[in-house]
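Shared between the two complexes below is chain A, which pairs with chain B and chain C, respectively.
And now, the complex of A and B:
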C-alpha cells in the first residue's frame, strides 16, 4: 500500500513548478549520433509553449486572493508546485471528486482529506475502546474491594452503538444539473503565489475589472508594505527549491515543504520579519509561536528581510520586469532558527 | 531535532499494546479513582516525603569550606578549598581560590560553604545581600538551575577584541544577459528555453542570502558543559552551550543586529556536518542559548544561525 502510494505520487507530482522545461538528451561522447543529436537539440529546440493561466483579482475582496476558476489549470497549479487552495477543500481542490464519491458516482481516487477523515475515525474508535477498557478495569478494582456490583461495560456500550448518518442530504439535489454535478469550486492564490506566478514564471495573467493587470498594478495591489516583506521571504525560499505554503494554521507566515504536502509534513515554519526597522516583539509573542510550532514537530525559523523600507518604496516606479528585478535584488534574507532548549534533555 | 517534550502522541503505539495497560495523556498520576489501593499508595509516598523533609539539614564539619567576602573584588576568597566542587568552580590564584557571587551563593545554599565577613559567619540572607550587589539575580538563578541539573557552568571570559567582519551578500551574478536582453522580458525566468528546473531556480535567485555583517559582538554570560565532560579549570575546552541571561520584562526578543552580535561572539559549531540537508539546516553554523527569566521562572531559547540551501 505504502509503496504503491509513493509510486503514484511520484508519478503525479513530477514537476516542481507549473513551468515547461526542455531537458537536453544524454550526451555520449564516443557516439557520433548522440553528439549530433545533442548539438541539434542544443541549437534548434523550439521554446516550449508555457501554459498560461488566467486569474481574477477583485480589489474590493478583503481576502486579497487571486481566483482561478478553470478546472484544468486549477489542477495544474496544485500538481506542479502545490500553489493555491481549493475554496471548498482543505488544500487540493478536491471538492468535485469528493462530492461525486459521496453521492455514489465515480469520482476517482480518495483525496487526502478523506484519508485524514478515515484515520481520525479509526482513532476515535480506538480511543473509545481504550476508555471503555480503562473504566472496566477501574470498575473491576472497585468490585474486588466490595464497593460495586459486577457489570460488563463493554457489552453495554456495544448495545448503545448508534447508526451512521445517511450519506446523501436533501440539499444535494441542487448540485445536480442534467446528469452531471455542477462545479462549484475555485482555486485561491495568496498574493505571494500570484505574484510569483505572474512576475517570476510568467505563467499567470491576472485580470481585474479593467482587464489584464500591468506589472505596476500587480505590485501595488499584491506587494505593498508588509506584503513586500512577506513576498521577499516567499520568493527567497521558492527560488531555493522549497515548496512554500501559508503557515496561518501554525501562526506563522509560511511553512516549508521539501517537496510538497503529499510527500511529507512541512519541516519548517517561517516568520518573515523586516529587519531594518526595529519591530518590537516581546518574549510572550515569540514563545507562543515557537511553542505551537514545536508541538507540531516543525522547526521555527525567522526570515530576517534586509533592504529598503517596504513602506517607503515608490511602487508606482515599478513599471517593467527589470524594475521589479532591481527592487528584489536590493533585498537579502538571513534565516535564524528559534527553538526551545530543555536542559534536562541534553545532559547525555 | 524536535524536542521530545513537545512530541505528539504516537497513536500507533497504542495498537502495539495488547492489554488494557494503556497510558492516557494529560491525566496526572494519582487522579483520585475512589479505590482503597490508590489511597494507601498515596499515603505511603506522602509520609515518605514528610520524613525526608523532617530530617535536619547538616553538613559534617569535616567537609565544610570557609570563605571570606572580599568587598574589593566582590568575590568570596577561599584559602583552603576542598571537595570535588572546586574542580569546576572558582578561580585559583597563587594565594587562594576566588568564587564568583553566583558560585558562592550556590555552594552556601547547598551547605558546602560558610561565608565569613570580618570574623562573623554570614547567614544565607547575608551572603545573598552581599552577592546581589555584584551579580544579577537572574544570573544567579540560571547558574544554580543549570548546576542543579549537573552541568558545569563557568562565567564566560571577557571578549577579546574581535575584528568585525565586512558585509557579505551571497548574490549570483547572472544579471548581465538579463539586462542586455531586457526589453523583451515579462518575467524573471526570462530565457526562452530552460534545460532543467535548477536553471529556473538559479535565474529566480535574486533575493540574496545575507551573512554575518559588521556588528559589535555581544558576549555570552556563561559557558556550559554537559555533565559528563572531563573538565579542567586551567585548560577549558570549548563549551557545549553559550548562555546569555535575559530579563523577559526588560528586554524584548533580540533584533537581527543583536542576534548577529550574539553569533559574532561564539565560534562555529564543530560537529560533523550531517548528510541530510534538513538536519544540516537545523544544525546550523553557530548557536547561542538565551535564558529568558520572568519573575524567577526560566525558559531557554536556542538561536541557530543557519542557511537554507538549494534543494535539487
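And now, the complex of A and C:
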C-alpha cells in the first residue's frame, strides 16, 4: 500500500514548478549511441514550456486572494509546485470529488481530507467503545453487589447508533443540475504566490475589472508594505527549492516542505520579519509562536528581511519587470532558527 | 501595609509574612526569584525575594495595600548611624525599616502596559488569580483559585478597543490555549466604559 502510494505520487507530482520540461537521457560516455542520442536530445528537445494561467483579482475582496477558476488549471497549479488552496478544501481543490463520493456518484479516489476524517472517525469509535466497556464493567460490579439491574450497555448503544445514520442533506438538492454536480470551488492564490507566478515565473496573467493588470498595478495591490516583506521571504525560500505554503494553521507566515504536502510533513515554520524596523513584540509572543510550532514538531525560523523599508518604497515607480528585479535585488534574507529551551528540563 | 522594594524597576517583597498576606488576602502570588549565594545558576526551589509583575505592583499601590520602598536609600540610611559592631549583630537588614524611606510616586517602578493593566484589573475584580504567561506564550495565565490547587482556565490578553492585530495571532493563541485545555480570552474596554471579554477556542474541522 505504502509502496504503491509513493509510486503514484512520484508519477503525479513530477514537476516542481509550472513548467513542462523534457528530461535529458542518461549520458554514458563510452557508448557512442548514448552520446549521439544525448546530443540529439540536447539540440532538438522542445524548450521548457510555460503553462499559461489566468487568474482574477477583486480589489474589494478582503481576502486579497487571486482566484483561478478553470478546473484543469487549478489541478495543474496544485500538481506543479503546490500553489494555492481550494476555496472549499483544506489545500488541494478536492471539493468536487468529495461531494460526488458523498452523494454516491463516482468521484475517483479519496482525498486527504477524507483520509483524515476516516482516521478521526476510527479513533472516535475506538474511544467510545473503550468508554462503553469501562462503563459496562462498572455496571457489572454494581450488579454483582446487587445494586443495579443487569443491562447490556454495548447493545443499547449499538441500537441508538443505527437510528442516527445521517441522510443526504437538504441543501444537496441545489448542487445537482441534470445528472452532474455544479462546480462551486475555485483556487485561491495568496498575494505572494500570485506575484511569484506572475513576476517570478511569468506564467500567470492576473486580470481585474479593467482587464489584465499591469506590473505596476499588481505590485501596488499585492506587494505593499508587510506583503513585500512576506513576498521576499516567499521568493527566497522558493528560490532555494523549498515548497512554501501558508502557515496560517500554525499561526506563522509560511511552512516549508521539502517536496510538497503529499510527500512528507513540513519541516519548518517561518515568520517573515522586516529587520531594519524595531517591531515590538513581547517575549511571550515569541514563546507562543515557538510553542505552537514546537507542538507540531516543526522548527521555527525567523526570516529577517533586510533592505529599504517596504512602507517607504515608491510602488508607482515599478513599471517594468526590470524595475521589480532591481527592487528585489536590494533585499537580503537571513534565517534565524528559534527554539524554546527549558534549562531545568534539559539538564542531565 | 506591604513593603515593595523597587530594585532596577522590579517590585520585590522580602518578608515571608507579607508574601503570605499577598497570597491569602489579595490573590497575588508573584514568583520566588532568590537563589542560594553558592548556586547562582539555581533554577528550581527558588527562595526570597518574591518578584511581582509590574501590574501587581501598580494594583497594590492603587488599592492602597502597599507602598514602594527605595531599597538603595533605605539600605544606606539604615547603616548610616550604626557602628560596625552593631551592624554585625543586627543580622539581616529588614526592609520593613523603610517606613520613613517611602517612595511615594510610582516613578521608579516599571510601568505595566496600559491595555494589559485594564485586563488585569478586570480579572482581579472577578476574584481570579493571575500569573505571568511567559512560559505558556501568552500575556496572563488566569487561575480560578490558588495556582497550587488549580490548573489555569484561561490565557488572557488585553487590547485596546479599536486596536488592529493580525488574524494569525487569533489562530495561534486559540490553538495554543486549546492544546493545553484552556480558553483564550481577549478583552478591551468598550467606548461606553464597560470592559468586554471574548473567549476563543480552536475547533479543528478538516
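The rule is short, and it goes like this: the second predicted complex is superposed on the first by the 276 of 348 C-alpha atoms of A that agree within 3 Å, B and C clash if a C-alpha of one lies under 4 Å from a C-alpha of the other, contacts with A are read in each partner's own complex, and residues count from 1 in each chain.
FYI, a residue touches a chain if its C-beta (ideal position, glycine included) is under 8 Å from a C-beta of that chain, and two chains touch if they have at least 3 such contacts.
Here the structure is a predicted model, which means the values were calculated and not measured.
**Q** I'd like to know which partner A:299 touches here: chain B for first, chain C for second, both or neither.
**A** In the superposition, A:299 contacts chain B only.
**Q** So in the superposed three-chain picture, is A:44 touching just chain B, just chain C, both, or none of them (first/second/both/neither)?
**A** Neither partner.
**Q** Thinking of the overlay built on chain A, is A:201 touched by chain B (first), by chain C (second), by both, or by neither?
**A** first
**Q** So, A:280: does it touch chain B (first), chain C (second), both, or neither?
**A** It touches chain B, and chain C stays clear.
**Q** Tell me the contact category for A:130 with respect to chain B and chain C: first, second, both or neither.
**A** After superposition on chain A, A:130 lies in contact with chain B alone.
**Q** So, does A:252 touch the first partner chain B, the second partner chain C, both, or neither?
**A** Second partner only.
**Q** Tell me which of chain B and chain C touches more residues of chain A.
**A** Touching more of chain A: B.
**Q** Is A:334 touching anything from chain B or chain C once the two structures are fitted on A? First, second, both or neither.
**A** After superposition on chain A, A:334 lies in contact with chain B alone.
**Q** By the touch definition above, which chain A residues appear in both interfaces, chain B in one complex and chain C in the other?
**A** Comparing the two interfaces on chain A, one with chain B and one with chain C, the shared residues are 282-283, 285, 287, 290-291, 295, 343-344.
**Q** Would you tell me which residues of chain C are touching chain A in their complex?
**A** 43-44, 132-139, 167-169, 171-173, 175-176, 179, 206
**Q** Under the touch definition given earlier, write down the residues of chain A that touch chain B in their complex.
**A** Those in contact with chain B are residues 15-17, 19-24, 45, 47-48, 123, 126, 130, 133-134, 136-138, 141-142, 145, 147, 198-202, 215, 232, 235-242, 256, 258, 267-268, 273, 275, 278, 280-283, 285-287, 290-291, 294-299, 301, 304, 306, 320-322, 324-325, 328-329, 331-348.
**Q** So in the complex, the part of chain A that touches chain C is made up of which residues?
**A** Per the stated touch rule, the residues are 90, 113, 116-117, 248-253, 282-285, 287-292, 295, 343-344.
**Q** Can you check the complex and tell me which residues of chain B touch chain A?
**A** So the residues of chain B in touch with chain A come to 1-8, 11, 14-15, 20, 22, 24, 33-37, 145-146, 149-151, 169, 171, 175, 178-179, 182, 185-190, 192-201, 204-211, 226-228, 240-241, 246, 248, 252-253, 255-257, 259-260, 278, 281-282, 284, 289, 292, 294, 299-312.
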